[in-house]
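Shared between the two complexes below is chain A, which pairs with chain B and chain C, respectively.
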Partner chain A sequence: MDDKLFITLVPGNTFLDRLTGKTKTRLFFLFIFMLVATWDIRVIIPCFVVSVIGLLSIKPDKKKNIAITIFVLLMNVFNLFLVWFIEPDYGLKMCGGSTVLFQFTDYFIVTSESLWYFGARLFKFMASFFFSLTFIQCITPSELAAGLHSIFVPYKICMVVSLAFRYIPDITRDFTNIKISMQTRGMELDSKKTKVGTRLKQYVLILIPLIITSFDRVGNIANGMDLRGFGKKKDKTYYAEHEDTKADKYLAIVVWILLACFIALVVKKTFFPGPYEVWCPWCL
Partner chain B sequence: MKKSLGQKLLGTWNTKTIVGVAVGAALFAVLMNFGGIKVTTNTSLTSAYIVPAIVGALFGPLPAALAAGLGNVLADLIGGWGFWFDWSLGNFVCGYFAGLFGAFGADIEDGKFAVKDAIIYAVLCIVGCALGFGVVTPVLTYAWYSSELTITWIQASAAIVSDASVLIIVGIPLLFALAKRNAKGTNLSKE
Partner chain C sequence: MTKVIEFKDFSFRYKKQNEFTLHDINLTINEGEKVLILGPSGSGKTTLGSCINGLIPFSYNGEIKGSCKVCGIETQEASIFKISEHVGTVQQDTDAQFVGLSVGEDIAFSLENDMVPRNEMLEKVKESATIVGMENFLQSVPYNISGGQKQKVALAGILHNDVDILLFDEPLAALDPAMGMAAVDLIDKVYKEKKKTVLIIEHRLEDVLYRHVDRVILMSEGRIVLDTTPNELLKSDLLKKNGIREPLYISALKNAGVKFDKDDNIDNIDELNIDKYKKNIIADFKKKKKTVNLSKEEKIIEIKDVTFKYGDFTALKNISFDICKGEKISVVGKNGAGKSTLAKLLCGIIRPSEGEILYNGENYLKFSIKELGRIVGYVMQNPNQMLVKDMIKDEIELALKLNGFDEKVTEERFVETMKMTGLYSMRNWPVAVLSYGQKKRVTIAAILALQPSVIILDEPTAGQDYNHYTEIMKFITDLNENFNITILFVTHDMHLAIEYTDRAIVFADGEMIGDDVVYKILSNEEIIERANLKKTSLVTIAKKAGIEPEEFIEHFIEREKEERNNG
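Let's look at the complex of A and B:
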């Protein structure tokens, strides 16, 4: 189960790994927000290319990444199929046209605009998926906290995030241990052999010890933090944050350019919206 | 210790609360990934929704909301399936309501949790889920992704039913068990 998780606690040695937490976090959030804000394929495709290059550049564990990519791809395709099933002529609303390519019945038609929209949507979601996969595999909890602090998040919230991040592997391990010990006592968790109701009840039996052990830790950790003077001062510096490297200085310029692009996109979307949400080359 | 209304609505913020929220968010993320049964795409009958109730019982409603919202973001991050901020904010609202029952007289830390509190808790959970997933999530989905609302509605109603039922069916016995564990000196009388 542990190998399913994507958390790095030791920084790696590739180009992206060596950047400061500040640069990583800023770049990541800008790309994600840009992808949320736009439906324009002319923005989405470059983002997608950057995300794929980013993912390949950190030399990730192949097996794990390919498995999750296939899973996410299938889930997205299934979602698109649902959209098509509920409203086959969705492209009319989003792109403003409906050129029928072929039709199964009067209702279930396939239009080129719908396909265009589905393609844009698939690239958009896959790009944001690759960005988060890259980000999670090249940042450590402390760097994430430092990075969040650099985008003006209060440091207590940063502490929450980095602590939570730090305790996920521990809690996963506890969960696995409790589950295995319950199974040795004869609890059947196989989804084929037990009903949904029984399984839910069995999860409760795992849950009670898990909750008690997890929250028992809280007192100890809080005392440890208090003893080291946490929360006494208004601000906090981060040990994990090293000085800017040369690459960080160049990427700071990229961050400003991306921020300008993002603001331009939002302004365009809010004040000068086109008649249709999705830009489509053949139905302007 | 008597708490003021502001403290009841926002929770008390000290180092313990910060750690509690962090552990809650981590627990939420882990349970979201491993402790659930899939219902439809993007929603599942997950035991994670019990976490806001516990955090709410121990620390107050705003910590509960943060644990649920941040927990959802972290779950998205470690699961690696991309971000759904609209759902995270829905969770935030839902978590706030699930943790609010302490403001109405229940006190898990002192072992006070009666049938009346359980009823208040159940009503709050239904209101919170309906508000979070029925209003906040679809509105944000429409504003940010301008995505098709039909599917969001299907997912939202599945989420409301499954999460409210987890909160109530699993939550109430768990809260009774926790209250009983924390009850101090209930059988002692002052002489």
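Let's look at the complex of A and C:
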């Protein structure tokens, strides 16, 4: 298996790893939904803290995680910079105030409201990112299928998800083999020697046999599944989904609380919207 | 006796085809029988299997005449799920049927679909994994286990359903010789312990007969040609006529002029009454010609102390050997022993970590992959993975264009290659209309266009029956003889090694453990065991008759070659 990917195939041994797919998936989606639904830093910061603790608790591979975190962080900061560049007084729109901290020109000003908003936005994105990183590294594709099923996704769709994970490495291997055979026939894929356009065309050439052989395989997979009764009943049980542990039972309560919070947030936003999107302590 | 399978005047035509694939099948199989369904590719044996497990008509539509009853159920009227409660199928493609992400999960798949609660599932999975010997691998992911193990998992996956019939569709196709033997053994063990009806669809007769079967049904062109005991079948002359390879020891006996009597038991080599045939064998062996050693001098590739490492893993350790012009070499050994690493090294895809490789006396590091492609050509196992163009002409010219030949040379080389490979009459055909064997030829032609002096063929005969196999191998042998092209077969097909190559290089765990004339390698039991090869029945019979196995094999090979050359 290509270890550049973050997918886990064998369940790990930390607290989060040992939970059921159901608990992992429900917690993940609720946190993400909450983060999507709010700009309130009083919700975002606790979520952020939880996400960091979650990520650290699964003892992830440091090198891979730090690299991707730095990348995502830089992209986000750059993105915020662009937002500021286009609309320096964005804080006025979002928080309803404009307290100037410094002024480069008449147009390019830095306000504390803009900074507050940017901070909220950064924490919001980073929290979602850490949740996602934690989630994909503590769940196996089979648990994911079971977890998705537990949030009412039809089991046939869940099966498609886990099949995709199952066959990605096989397809990667086929791709490498086809590439090798084309290279020995004289296809130059070295980026120094071939132009981008030509290289793209050559990759398309490699994809043709890959697609054809993959289609052959799909037929065989489907037969194999039919023969073992896939789709026989309205529902399916999951071997990879173990019984609830004590932690799962406690976390089920947390799931309900989070769900209530999420509904409260949505209700507040829909029926009692404030004048401004972002809560800001000094702009009340 | 209860009839579990009953075909009556059964015919079947696939929706997309005009001709019927199965004609007037009348066949009854009783409970507890172990039956081999034998036939070349295209004989309809797999289609017959699909009728039994319900894929026809559930997944493959078509026209059905007559009746097919499985455990009393008329298959046309039942759902595939109903039939799968009675018939468990192990498919040929071990990768495609492994849908779970761990061994345990895959074994549990049918239980999951049956909505068995997880705690019951665990027990059942454990139980059937133990039967096939995979109980310590329940957590393993599919990428880390061998084809043989995947097949065991597939078998375990149907055992807990308590089906009546076990159907194996070409169980040996993806396995190396030793794994194949283990598979046949396992099928037999399950048959005896579970007292199921077992159907094996195969064309590799000798390998299946490693364990007793009750009946063999020989199919050809969609009809049942013969339905009899293995003993009767082996005595008949129907095998060769129908494109099935005889067990080697049977051919050797027939070559020696042995005539079998009615009550001779010949289907199990270990129980063969050799005394009866000894006289013939020895008399025939005395006619053996003196060995002619063709010495080939002109070295084209020299491999000197080559080691290759992937990270910390040593894939090849201190390999040294030479390849001379015009040789036919088989590179054998179990999967992961280093065969494909060697092929990649020779093509320059990877380069040695230590040691050096010389091409015509020059260090090959100075050549790029592209340049090496003109010296060493590499033909993949599956032609569908190599063909990228719609037309044969474009496919052949692709490599020439990529190598920057001008139009005139490209055209000349194209015509020349087409003539060399006997494809000239098809030169303007689209690729899509070709059969598997023809596609294989086109891939070889596409490589030949660059006029390499060495061709590496990866499992050229995988998944092909005896007729196609013979055709492809004759084609390759002709290229070797007429154009003096050196050929390296990466294979675990022992028949191929015996009959078509002069020299065998054997790998085990990254080391080269043998490099010698084929018959010497094949009579060396230590090498055979370490490399997961299989002792050929020629060795067994030679020993029984008190003849030196090496020489006996050599004699056999000469005999077969003569016969082939005479038509």
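Here are some notes:
Basically, the second predicted complex is superposed on the first by the 252 of 284 C-alpha atoms of A that agree within 3 Å, B and C clash if a C-alpha of one lies under 4 Å from a C-alpha of the other, contacts with A are read in each partner's own complex, and residues count from 1 in each chain.
Keep in mind that, in the parts below, a contact is a pair of C-beta atoms (placed from the backbone, for glycine too) under 8 Å apart; a residue touches a chain by one contact, two chains touch by 3 or more.
Note that this is a predicted model, so its numbers are computed, not measured.
In the superposition on chain A, A:150 contacts neither chain B nor chain C.
In the superposition on chain A, A:142 makes contact with chain C only, while chain B stays out of contact range.
In the superposition on chain A, A:112 contacts neither chain B nor chain C.
In the superposed model, A:277 makes contact with chain B only, not with chain C. By the touch criterion defined above, A:242 reaches chain C but does not reach chain B. In the superposition on chain A, A:206 makes contact with both chain B and chain C. Once the two complexes are overlaid on the shared chain, A:164 sits against chain B while remaining clear of chain C.
Once the two complexes are laid over each other on the shared chain, residue contacts for A:214 go to chain B alone; chain C is not touched. In the superposition on chain A, A:225 contacts both chain B and chain C.
Residues 1, 163, 165-166, 170, 206, 208, 210, 212, 217, 221-222, 225-226, 230-231 of chain A touch chain B in one complex and chain C in the other.
Here chain A touches chain C in the complex through residues 1, 9-10, 140-142, 162-163, 165-166, 169-170, 174, 177-178, 180-188, 205-206, 208-210, 212-213, 216-217, 220-233, 235-243, going by the rule given at the top.
Interface residues of chain B facing chain A in the complex, by the touch rule stated above, are 13-16, 18-23, 25-27, 29-31, 33-35, 37, 41, 45, 47, 50, 54, 58, 66, 70-71, 74, 76-78, 80-83, 85, 144-146, 148, 150-151, 166, 169-170, 173-174, 177, 181.
Against chain B, in their complex, chain A makes its touches with residues 1, 4-7, 32, 36-37, 39, 68, 71-72, 75, 78-79, 82-83, 86-87, 90, 125, 128-129, 132-133, 135-136, 156-157, 159-161, 163-168, 170-172, 175, 191, 196, 199-200, 203-204, 206-208, 210-212, 214-215, 217-219, 221-222, 225-226, 230-231, 277. Residues of chain C that touch chain A in their complex: 53-55, 58-59, 80-81, 84, 89, 91, 93, 95-102, 104-105, 108-119, 121-122, 125, 139, 141-143, 157-158, 344, 347-349, 369-370, 372-373, 376-378, 380, 382, 384-388, 398-399, 402-403, 446-447, 450.
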